[in-house]
Amino acid sequence: MKKLINDPADVVPEALAGIEAAHPDLRVDHANRVVYRADLPRPGKVGLLSGGGSGHEPLHGGFVGLGMLDAAIAGEVFTSPVPDQVLAATKLADSGAGVLHVVKNYTGDVMNFDMAAELAAAESGARVVSVVTDDDVAVQDSTWTAGRRGVGVTVLLEKIAGAAAEQGRSLDEVADVARRVNAAGRSMGVALTSCTVPAVGHPTFELGEDEMELGVGIHGEPGRERVPLAPARDIAAMLVEPVLSDLPFGRGDRVLCFVNGLGGTPLIELYVFYNEVQRILGGAGVEVARSLVGPYITSLDMAGTSVTLLRVDDELLSLWDAPVRTPALRWGI
Amino acid sequence: MKKLINDPADVVPEALAGIEAAHPDLRVDHANRVVYRADLPRPGKVGLLSGGGSGHEPLHGGFVGLGMLDAAIAGEVFTSPVPDQVLAATKLADSGAGVLHVVKNYTGDVMNFDMAAELAAAESGARVVSVVTDDDVAVQDSTWTAGRRGVGVTVLLEKIAGAAAEQGRSLDEVADVARRVNAAGRSMGVALTSCTVPAVGHPTFELGEDEMELGVGIHGEPGRERVPLAPARDIAAMLVEPVLSDLPFGRGDRVLCFVNGLGGTPLIELYVFYNEVQRILGGAGVEVARSLVGPYITSLDMAGTSVTLLRVDDELLSLWDAPVRTPALRWGI
Amino acid sequence: MADTVAGEVSTDDLLAWVRAFARLVEENREALTELDAAIGDADHGANMHRGTTAALAAVDGAPPASPGALAKKVGMTLVSTVGGASGPLYGTFFLRVGTALGDAATATPAEVVAALRAGIEGVVARGRAEAGDKTMVDALTPAVAAAEEALAAGRSWTEALTAAAGAAAAGRDATTAMVARKGRASYLGERSAGHQDPGATSAALLLAAAAETLLGRGAAGST
Amino acid sequence: MADTVAGEVSTDDLLAWVRAFARLVEENREALTELDAAIGDADHGANMHRGTTAALAAVDGAPPASPGALAKKVGMTLVSTVGGASGPLYGTFFLRVGTALGDAATATPAEVVAALRAGIEGVVARGRAEAGDKTMVDALTPAVAAAEEALAAGRSWTEALTAAAGAAAAGRDATTAMVARKGRASYLGERSAGHQDPGATSAALLLAAAAETLLGRGAAGST
């Protein structure tokens, strides 16, 4: 394992120390591993918080700041945080107007955030609403299973709901915007290599030189199927078509197109790939109203990409365009 | 080779097509492979342009936009552009106030930009001044050799000189700011893995599981020495100390600290590493006035990092803080 | 050492159980992670190790006053340190066991088995997994059923726990053929078949630890 | 085919030279890149291949009117397509060769050698490398010196070019021991020793191509 780290057991706290040192607008509660805005509390504003296992940076800590999250909780690598952490973050994010939990749909995340919400209600009476993202079309959707994973849409939701919260909307309104984003977004990813969990020390799975894992999750979970390595234009079709047909997106739809890097794939490849994605969308008559290209929800050092499409209307677009000031997304301010 | 590309020969033009599609503020001259601001010409403003081999994204195309570059030229992967390309970009960037060429100190880059400047003077009479960056302390400095490589300082220089140009300063003034940045900045890098040039198809060099290349260049050039893989805190010392002692930086100096990812290293590791770097700086009495952490000058898919320190004064800081609106760096607007 | 009534399960017995569980988890840490790498995210070994280490530290040295209090403390510590899916589930299991045991200084084998049953109900209430979903429930449920049956048939505490450990191991083995419908492995659909479930594997360790330790004391006067 | 005077070098001769150079570069593309990977950035093969392919395409089919014009066209094409360090250097080389040859329909061997000398001077003016710096200059300079000597000694054009090619190869081999002081390899300092210079290697191919082709025609009447 070749990583720029010290003891694998210390990766999360040390990365948080680095985030705190690099970003004067942010603070870190080291005991609870919570990154939060230095300007909290913000009376009257709905608190927006998210979190999950670490290893997906900049998600979530890199999205803390004006116009996006108030606090982000860092679990161990690929392990959802525990209720105590979520509870501490909920208290930090609560300025009296309630707190929205943005939870990616993984059994562990959902259960730990639920327990925290129960504790928060019991302890402080803070009003907590949870919105669960589940946009990964690689996973069969079914009420009999854990359902779909939350992936790329989480980033877009945090930005858009963050803007709604910043405008002073109520908890129910912000939750409503968040649910609309989740309902209108779909994603799918592919891995060209595995990731290596620091505490494990070797790749989570083995992929041959000529193979890739289609429909991979962001924790190195195996995907839909293992297929032969293919040119970018074919990979783009393999990801975009299931995404398009799932919602479904149709001719004339306006979308936000998010091509995400999984951590080990450099930007030059993401742009080559984005070129293919937008070509397919053009062919399908889908209009790209906004785009985002870069590593925003990663899987440690995994090489690969994911495509997220979000159907937007004028309101979602204006919330997307609203000012944001975080380490990873910033504009308008 | 596992890359998200089509034909290796098409990587550069296809990545440019992706950049153009993803960023409505930018245009691409595909024949000459020049990324430029859609709002050119900007009469009275000094044109700022840079370029070099591709494979270092977001450098340089991702730094085109308000407050930074007017145009960026993309050579083949790791190969400096040819004079025709530089000439075309110079014409695009020339709004009558002259053009500053920001050139990284590589023999090929220097010669090709020089030839272009000669052609520009002959053809259009455009006034061109070149500033060459040469901040890599891993390379012995000597008038008998090609001198030091230009690396991380290039990013900082493009931002700071870009702000000076945006303020309407003259060509000589902007060039002067650029030279001051280069003179006050030093860098050094380390590779944990090699990169793989698409047209070559296999890693440029082989590194054992327990080795790293100290003082590596951004083109997979071998570095100062091959040393055993070490914890982040030791690597930080191996990079920061030569940088500190070279300028030298001293107690009480204020610096901009730039921890750069080389392409294959995920953000979580960069933050762990940044934490070590800032600790060492604190111990040395050097005050970190600003920081930048992320993959800004990469070497394809190489895993590794580089540290750049720039000694700043109030003027350089205010130029750094000035608004910038590019794909890769954006704030204040 | 607390005084104990012959044939009853004491706080020390539970502590021995937790200690044995922590040791078995430590010994099987890599194996649990490898199982999780195949159909999950390669952290079950680390998660359980972090949790059982913390739980043992929380009750070792100064054990709580009763078996119920000890189980609660273990449950709270697991909830607060494990994370992931297994944290709330194992945490809830021990919390419910503790609640069922109440404040009594010792518990009879029947009370212990009833408490384990309550623990499973907590796991199912939290995770909503059914038998055959390829989860820890597939090891826990047959284990407690086996213990219940053995006691009902008048067999010894030792025999009951041995039967429980055997049933847990069999339940664990049975998960290999199953298609996961809950937890992270469910994302794989049919591809999850052919792999043993990591949570069922750690649950079988929990029962193996019970058989190995609780019986030592409890055995004396229970038949 | 243009008319040629026996013993003189024609446009077709130069075209044959460029064609042979392009072929040798194509055949040695990977080898050039491997050499560059060791002490540079692994692109010399791709650079030279891109350039010589373009240069050949630019003059093949409809060759310019004179050897000088052809050399200039080749030089301009190399400058415009190669990039890196080798592009301006090889480009300047051919541009200077072309300028020295002027507009004449053919050139004598002595004129060709004088033009090659002018070419080297252009390379040195642009790149400021000296002998021993571990660059293409270390192959080019001894090659042209050998050709000059051979002609001065009254030897044939064939002999002169064969000597030049041999001297280029020897110069190329000598770069292995050198510590680079120019170009990308100079960043390695002492570590550059023990590796053959890629640019000197391609320069030896240029002279091998000359020996293989120019002599075919020029040989006829030059002794």
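Note that the chains are named A, B, C and D in the order they appear, and that numbering of residues resets to 1 at the start of each chain.
Following the convention adopted for this analysis, a residue touches a chain if its C-beta (ideal position, glycine included) is under 8 Å from a C-beta of that chain, and two chains touch if they have at least 3 such contacts.
It should be emphasised that the depicted structure is a prediction, and the values quoted were computed from it without experimental measurement.
By the document's definition of touch, common neighbours of chain B and chain C comprise A.
With steps allowed only between chains in touch, the distance from chain C over to chain D comes to 3.
Relative to chain B, the most remote chain by averaged C-alpha coordinates is C. Annotation: 56 Å between the Cα-based centres of chain A and chain D.
Separation between the centroids of chain B and chain D, computed from CA atoms only, is 33 Å. Between the Cα centres of chain A and chain B there is a gap of 29 Å. Shared interface positions of chain C, i.e. residues touching 2 or more other chains, are not present.
Multi-chain contact residues of chain A (touching two or more other chains) are absent. The touch graph of these protein chains is an open line. The full set of touching chain pairs reads A-B, A-C, B-D.
Chain B meets chain A in the complex at residues 2-7, 11, 14-19, 21-22, 54-55, 57-58, 62, 192-193, 209, 212, 229, 231-233, 235, 259, 263-276, 278, 288, 291, 293, 295, 298, 300-301, 303-305, 325, 327, 330-333. Within the complex formed with chain A, the residues of chain C that make contact are 33, 37-43, 46-47, 50, 79-89, 126-127, 180-184, 186-189, 191.
Looking at the complex, you find that chain B touches chain D at residues 53, 75-84, 106-108, 111-112, 114-115, 136, 138-140, 144-146, 149, 197, 199-200, 204-205, 217, 219-222, 225.
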